[in-house]
Every structure is written in structure tokens, then in C-alpha cells.
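After the C-alpha cells below, expect a handful of questions from me.
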Amino acid sequence: MATQHSRSAARIMMAPAVTLLLGWMLVPLIATLYLSFRDYRPMRGGDLGFAGLENYTRFIGSSSFWPSILTTLIIVGGVLAITIVFGVLLALLLDRPMWGQGVVRILVIAPFFVMPTVSALVWKNMFMDPTNGLLAHLWRFFGADPVVWMSEQSLLSIIIIVSWQWLPFATLILLTAIQSLDGEQLEASEMDGAPTLARFWYIILPHLSRAITIVLLIQTIFLLSIFAEIFVTTGGAFGTKTLTYLIFQRISESQAVGLGSAGGVYAIILANIVAIFLMRIVGKNLD
Amino acid sequence: MARSVTTQQKAINTALAWAVGLLIFFPILWTILTSFKTEGQAISDPPVFLFFDWTLENYRVVQERSNYTNFLWNSIFISVGSTLLGLLVAIPAAWSMAFTPSKRTKDILMWMLSTKMLPAVGVLYPIYIGAAKMGLLDSRTALVIVIMLINLPIIIWMLYTYFREIPGEILEAARMDGASLKEEIVYILTPMAVPGIASTLLLNIILAWNEAFWTINLTVTKAAPLTAFIASYSSPEGLFYAKLSAASTMAIAPILIMGWFSQKQLVRGLTFGAVK
Amino acid sequence: MTMTVRALLGATALCSAAALANAETLTIATVNNGDMIRMQGLDDDFTEKTGIELEWVTLEENVLRQRVTTDISTNGGAFDIMTIGMYETPIWGANGWLVPLDDLSDEYDADDILPAMAGGLSHDGTLYAAPFYGESSMIMYRTDLMEKAGLEMPDAPTWEFIREAAAAMTDRDADINGICLRGKAGWGEGGAFITAMGNSFGAQWFDMDWNATFDGEAWANTLNFYKGMMDESGPAGYATNGFNENLSLFQQGKCGMWIDATVAASFVTNANESEVADSVGFALAPDNGLGKRSNWLWAWALAIPAGSQKQDAAKQFIEWATSKDYIELVAENEGWANVPPGARTSLYENPNYMEVPFAQMTLDSILSADPLDSTVNESPYVGVQFAAIPEFAGIATEVSQEFSAAYAGQQTVEEALEKAQAITNDAMEAAGYR
């Protein structure tokens, strides 16, 4: 590896950047921590003094707290499951020889470029509206009663919308990983007469484990904090209030900034628990 | 991938892949189509697909109401600017983490990612007060910095995983040949790192383009990007599917086009060095 | 890459040129409702008269509210004029965040503002925001369907009559729902409707000691009646319908009756947008014989933040936008049916305007709502469909989420009321009322 000299040179060169970086990332964290111990209510005149642990106990004591954690986990878990399962299938399909592969790939990536607000608006109004939505027309065409997506299937609706946005991301990562799979190895197994399923299970899937890990980690971080999709569609009603949304409600709608900030600290704790949990299961794939 | 396939198999693959591709793309296609309908046609029962009177009326109405180009320029400035600035800060940091890692490196990386979980609304008041005091409200500069900070963990993460794929042996060989640190960076590492940097750049432009909290809350008129533009069309009175579609199409078209032209780089970058 | 750099340079040049072009510019935050958008089309008239340029920030209601609240409570100074509602105005006025509008010109004739509106936009008798348009709520119904059902709508019906009429008008095969009402969560959506409806059932948010009253019979009656009627005669998915959804249903001929904002009358009678434009009738919002009707009172109004550096110019603009002349200007350009309603007494004395079919009913509705005395029993708060205290918006949004879940059948009315009681009392305790 590098010599002692070049190593310390590199350290000196990088140290300021790293420090600066960590410092910058600490600012919001410290601001949140500070506010979480204050009774800060802008509508009542701003900072009303030290609040001790009251914000923390009040936030966790609210009847909305535990359901919001559960909702968060269901949405994250649901989207992860859908995007990874379909991502793998889609990647396998796109890897096969076909005409117009480039164009198909473009079609599949496209949802990733759409602003969350726009995609939520489009899905809610033009697809899931129980009267004028395209899905309602489809249901009626087959003689069924249209589903009232936003209330009857609220969580599923949000999972569908978010999965649509993130499926391209998963597919792309998995596709590239599959493309790097050694063709000869596969051919050899084909010659051995290994059944398709076994081939998938013993050769392809292990090869994909690292890519799947990356999908899991990156998506989890983004999914834990989804907001626009809920704000636009259900506004937190019908059991779709995630932890992030609950914090938004406390701060922006109830104007209880201290209380919401305590929620923010809980959110970081939750993110770290999830991250540690993930690292335990899949972390070794990253080395 | 030199597997031989029959034409028949290829045809089946093609049909299936196109069907799935079109299904996934359909919501966007439908939005674009609806943007050319009248409000009445947009909700007609049964829905009309292609055979309607195509009109540009919705685009005219939207453009009349809002100065689209101004929003567009701001979106471009903020997303490109914040990404470039982010790369400037992140490259050295990711570099040092990748090439001279310590025991804590991985923990620091995880922690950085987890700070993304901090809900933005929690620091809205302190940051808003700070920005107002420093006269940075409605300033593109302020937004570039804020968006850069938000995406920094992701930028560092991507670069780190990418840089780690660069084999250390090459460096050592270069040092044996007496290359200086500067030469090492300019001639050996940079060429190898450029693809990773390029794809990080692209992904972050997309993320910055779609950021909708700070871009709405820290802007007024001069610096407002397309996310603010959309916020004025999201729930107007009366029939609005067609106008909403036109506004949506205008908001996503530039990034969609950029994405399509650069999808090869994007694919490479998104893998985070998952390819071994 | 060079392309990008060039693009960036271009953007900078473009924008700095725009900034140099004028001296005095007012920045106005407003909501994306039809009347405000119409005003943006007519703003040249103001610029010609005064030489003051206008910059508009048009946002959807919820986003706007968050945006202006952040700015005003931090004294951010991003806006010279804010479009706010009857809920915010007295609270912000009391906090000293708004410039008092007590020195408007004689020509402006501030006494002409409808007393109910002026009252709701004042704190301690001082006006803090000038109403751009005002509204109450009323019944809009299909005269043809009413006739077909063999019924006649009284001018001031009861809830019992509405429920029967709704059932009689409903024709599921023809896709006609007897009645469309807001059920969507949010204090300004379904929350506003059910609160106003509750007033006519003798329900109220707080008793005189600021305790929640959801454990009382009045609320149970309100919710059970609402849900019963909507399950019988309402559209599928009414729990997610707000103003816009119902407007579009009514315009498509899918509702027999709709009780909502009086401003909607001009949309449902506009033949360009509405399929049922020539068969709409109007009536006062229903009551239960307890002395209070179920109509609300609201105004979108223009206010100046106390931190604004351009207060004089801002006042000039407010005088222009809420003046009698502006109403004339709109009438000239768009016709009398499209002028901003509900703000000025003189509008309802204008024979041209009184020919508009919904003018009289709008005025009667506005006059029958009193923010200072909205509940059957005595209450400690001001406001018809809200309580003008800072904590209300947050509490009412959460409560209305529980109600919407009950409408959708995800919990019973009793469960929803129990939760509402707990949520409200908790929040009021945290805020120091109890």
C-alpha cells in the first residue's frame, strides 16, 4: 500500500475538506438538537424558553407516533420489495437479446426523472381518481366498481407511486451487474443442464448480491424521508402518516417547532437503527 | 454475452420487453398526450387516446401566466451549480476516504447518509432566519449552497464507492517509477475516475432538479425554479387535467431529454462500482 | 461541459438585466384561485396608473400558507403583500405582524366593505387585511333533477329535507349522486365543512374552558347524520373529495346538490366549463331549527407585513385591487358574473350585478354568518368554520383526518370522535390552555 510519506501527505490535503464537510453537516443536526429542547412556537412569539425533555416525551406519547413508525416501515419495506423483485426480473429481461434495447431502456428509466410532486399529481388525478381516473375507466370497462384508491387502498397507492419512481433506479443497477456476469460461466452451467431456476438461484442471484445491497441502502435512505407523494395525495389521512409527515404536521401545521424537532431527532435515531440493521444483514457485501 | 438465440426467442424477448417498457412509460406518455387536449377531452368518457383535436392552447395559457424560461434557467443554474460545487468539495474528501481509509471511515459514511433522514422542515426556521438576515432569500447562490449540502452525502458516497474500484496496484507501480503525487493524480487517477465523476454529476443534477422543499421555501420570484412553477398549478379551481399536464410536461421535459442523452453514463454511475 | 457553462452565463446575464429594468417593484404572494389569476391578467392597469411594477408568486393554497407563515413569523421580508385568509388575519394582527389598514383614502371608502368581512379581518376593531373576495357557503342544486324528483327547494331548507331530497335525486345507474359534500382531510377542506355543519347541530370545538367537546351528543349527531346521508346519496370516495373534486363532479352533472363556497356559483353557471350551467338553483345552507345555519364565512384578503419597506406602494396596490374601480374593470373585461364577490356592500346595490342569478343568495348567506356568534351555545372563540387561535389549524387537520377515516369506513364514528377528543385536549394542554 501507500508509503507513510504519501499517506500523511494525503491526510493533510484531505483533512480540511473532510472537516469542513462534517462541520457543514453538523449545522442542521445541532440546530435540530437545540430546538428540540426549546419551547419554540413562532405563532406565539418564537422561543418561549427551555423545555427540558417535554418535547421528547410529548412527541413519543402522541397517539400518532407508533402508527407513524409502522406506516414508515410498511412503505419502505413495500417499495423495497417491489422494486427489487421487479427490478431483478426486469433486468433479466432487458439483458436478453432483442431489437431496440436502447429505446426500451430509455422507456424504463424515464420515471426516475419525474419530480415527485409531478408524479404524485399525475397518478392521483389522472390515474387513481375514482371518477375520471384512467384506472376507474379500466375497472368499469371490465364491469367492476372503481377502487377509491386514496382512501380504500391508501398505503398501496403510495407504495405504487413511489415504486414507479424508484423501479428504474433498481433496474439500472441490477442490469449493469447482470451484464457483467461472466457469459462463459452461464453457458457452462447451461451445458451441465442446470435448470433455469437453479441457475438463477445459484449463479445469478449471488452475483447480484452486492448490487442489491446498494439498492437497499440508497433507496432506504431516500424512502425513509419521502414527503411530496404523501403531501399531494392523502395529506397524511387514511393511515399514511409517516414519521417524516408527522414531523411536518407538528412543525408546519401546528407551528410547534420544538416538538417537531424532537421528532426530527427520533427520525435520525430510526434511520440509524435501520442502517445498522441493514449493515448487519448485508454489510459484508459492501467490502 | 455471446449466447446464440433463435430469431423466435429474440422476437418474444422484444415483444415482452417493449410491452413492459411502454407500461412503465405510459403515465408520462399519457401526461404528454393530455397536455394537447382540451379540458373537456381530458376527462372524456371513454378516454380518448390519439384521436382528438390536438391543441397548443394549454401551453399558451401556462406560458401567459408564468414566465417559464425564467423558472427553467433557475432550475438549470441551481441543479448544475450545486452539483459542480458539491463535486469540488466531495472529490478530495471521498478520495482520502477511499485511498487512506481509517477504521472509522465506514461509520462516517453511514452517518453521513443517515443525516439525510433529518427532515428538512425541522431546520426551516433557523435556516430561513439566517438566509433572511444575510440577504440570501430569493438568491440562487444560497440555493446552490443549500442544495449542495443536502446532496453532499450522496455525492461523497457515490464517489467513494467509485474510487474504491480503482486498483491500488496501479498507484504503487507509478510510485515505483518515481511519479510525484501531482503526476499520480493528473496522469493516472484522474482518467480512471472521470467516468465515476461524470455519472455522479448526472445523478445529482437529477436529484437537485427534483428538490422541492428548499427551492420553494427559499425563493420568491427571481430565483424560483420549476418546482415553484409546478406549485402554482397543482390544484386550481375547476377542470385542470390538461393544464396540469402541460405544466408537468414543461417541468420534466428538460431533465427527461438530458437524461435520455446521457443514459449510458448514468447507467455506469448508478452501479456504484457494483460491477466487478 | 462548455455548453453548461455557457448556459449558466447566459442565465446570469438574463436575470441581472431584468433586475435593473425597474425601480419600484412589489412582490405579491397569492393563491392560485381563478379570481387572483384574473387579477394578474389585469395588472397592467395598475402599473400604468402608478408606475409600480408587480411580481407575482402564485402558489397552491397549502404551499402558500406554509410559505407566508414562515416569512412573516421570522420577519423575513420576502413579500410586500400577502394573500391571507380570515383565519390568519386576526392572529397575525394581534401579534403585530401586519400593517394596520386604518388610513385608507376616502376615495377607497373603507366603510363600504361588508361589515361581516371587515369584522373577520380585524383585531380589536382595526382592519389588518382588505378583502379581495369574500364567500359564505350555500346550496347549489340541479333544478331539473329536483323537478324530476317531484320536490321543491325552499329558500332556507332543513337538513332533514336535504337528506330526503338527496335520496330522491340519487340515480346510481345514471351516475347521479343526490349530494356532494367535502370529506377530504384538512382544516380548510372537510374540516371547515363539518365544523360549519356542526354549528347547526349545536356542536362546537371548545367549551368556555377550552375543553374539547367531541364526547358530546351534538358531534355524534353531526357525524352520524353526515355519514349516513353521504353513504346513502353521496359519490363513491367522498372521503377524499374537496372543493375541486366536487366542483368537477358538479360541472359534469354528477351531483344533485352541492353545499360549498358561494364563489363556486360562478363556475357552475359558466357554460364554457359546466355542462349543467343553465339548470342550477341556489338556496341557503341548511339548518336544524336550532337558530344557526351551517354556512361559513371566509375571505381571501390582502395584507402588508409589518417588515415591508414599501408600505406606501403596497397600500396603493391594495386600494387598487380591492376598489370599486377594479370591480368595474373586471366587469368590463369579463362580465359581471366574474367580478370578485362578497367584499363590498356597493356591489350588491349595483343593479347590473343583482341580475346575476346567484348574487342575492350569496349576499344573504354572507349576512347570515357571524364569526363572533357562530355556535348555538356560548363558545370562547371567534370564527365560524374555525377557531381563530394559532393552534387550530394543526389540531383541526389531525381531527379531520380521523373524521375522513370514519367516512371511508376505516373506523367507526365513535372511534373517530374519541380520538378527536384526545388529540384536541392533548394539543390544547401542550399549548397551555388547559
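Structural remarks
By written order: A, B and C. Residues from 1 in each chain.
Assume a residue touches a chain if its C-beta (ideal position, glycine included) is under 8 Å from a C-beta of that chain, and two chains touch if they have at least 3 such contacts.
Which chain is which protein? Per UniProt: A = Sugar ABC transporter permease; B = Carbohydrate ABC transporter permease.
Nothing here was measured: the structure is a model prediction, and the numbers come from that model.
Hopping across touching chains, the smallest step count from chain A to chain B is 1.
The most distant chain from chain B, with centres taken as the mean of CA atoms, is C. Centre-to-centre separation between chain A and chain B, using Cα means, comes to 15 Å. Note: centroid distance chain B to chain C, computed from Cα atoms, is 37 Å.
The set of chain A residues that touch two or more partner chains comprises 42, 132, 252.
Across the assembly, chain B contributes residues 43, 124-125, 231, 234 that each touch 2 or more other chains. Contact of a single residue of chain C with at least two other chains is seen at positions 66, 73-74, 248, 252. Here chain C touches chain A in the complex through residues 62, 66, 69, 73-74, 91, 95, 184-186, 235-237, 239-240, 245, 248-249, 252, 254, 390-391, 393-395, 397-398, 400-401, 404-405, 407-408, 410, 419, 422-423, 426-427, 430-431, going by the rule given at the top. Only residues 4, 7-8, 10-12, 14-15, 18-19, 27, 32-34, 37, 40-41, 55-61, 63, 66-67, 70-71, 73-79, 243-244, 247-248, 251-252, 267, 273 of chain C touch chain B when the two sit together in their complex. If you check the complex, the residues on chain B that touch chain C are 39, 43, 64-66, 70, 73-74, 76-77, 80-81, 124-125, 128-129, 131-132, 137-138, 216-217, 220-222, 224, 228, 231-240. On chain B, the positions that touch chain A within their shared complex are 1-3, 5, 9-10, 13-14, 16-18, 20-22, 24-25, 27-28, 30-31, 34, 43, 45-47, 89-90, 92-93, 95-97, 99-100, 106, 108, 110-119, 121-127, 149, 152-154, 156-157, 161, 168, 171-172, 175, 181, 206, 209-210, 212-213, 226-227, 230-231, 234, 241, 244-245, 248, 251-252, 255-256, 259-260, 263, 266-268, 270-272, 274-276. Chain contact summary for the complex, chain A toward chain C: residues 41-46, 58, 62-64, 129-132, 145-146, 148, 150-152, 231, 234-239, 241, 249-250, 252-256, 259.
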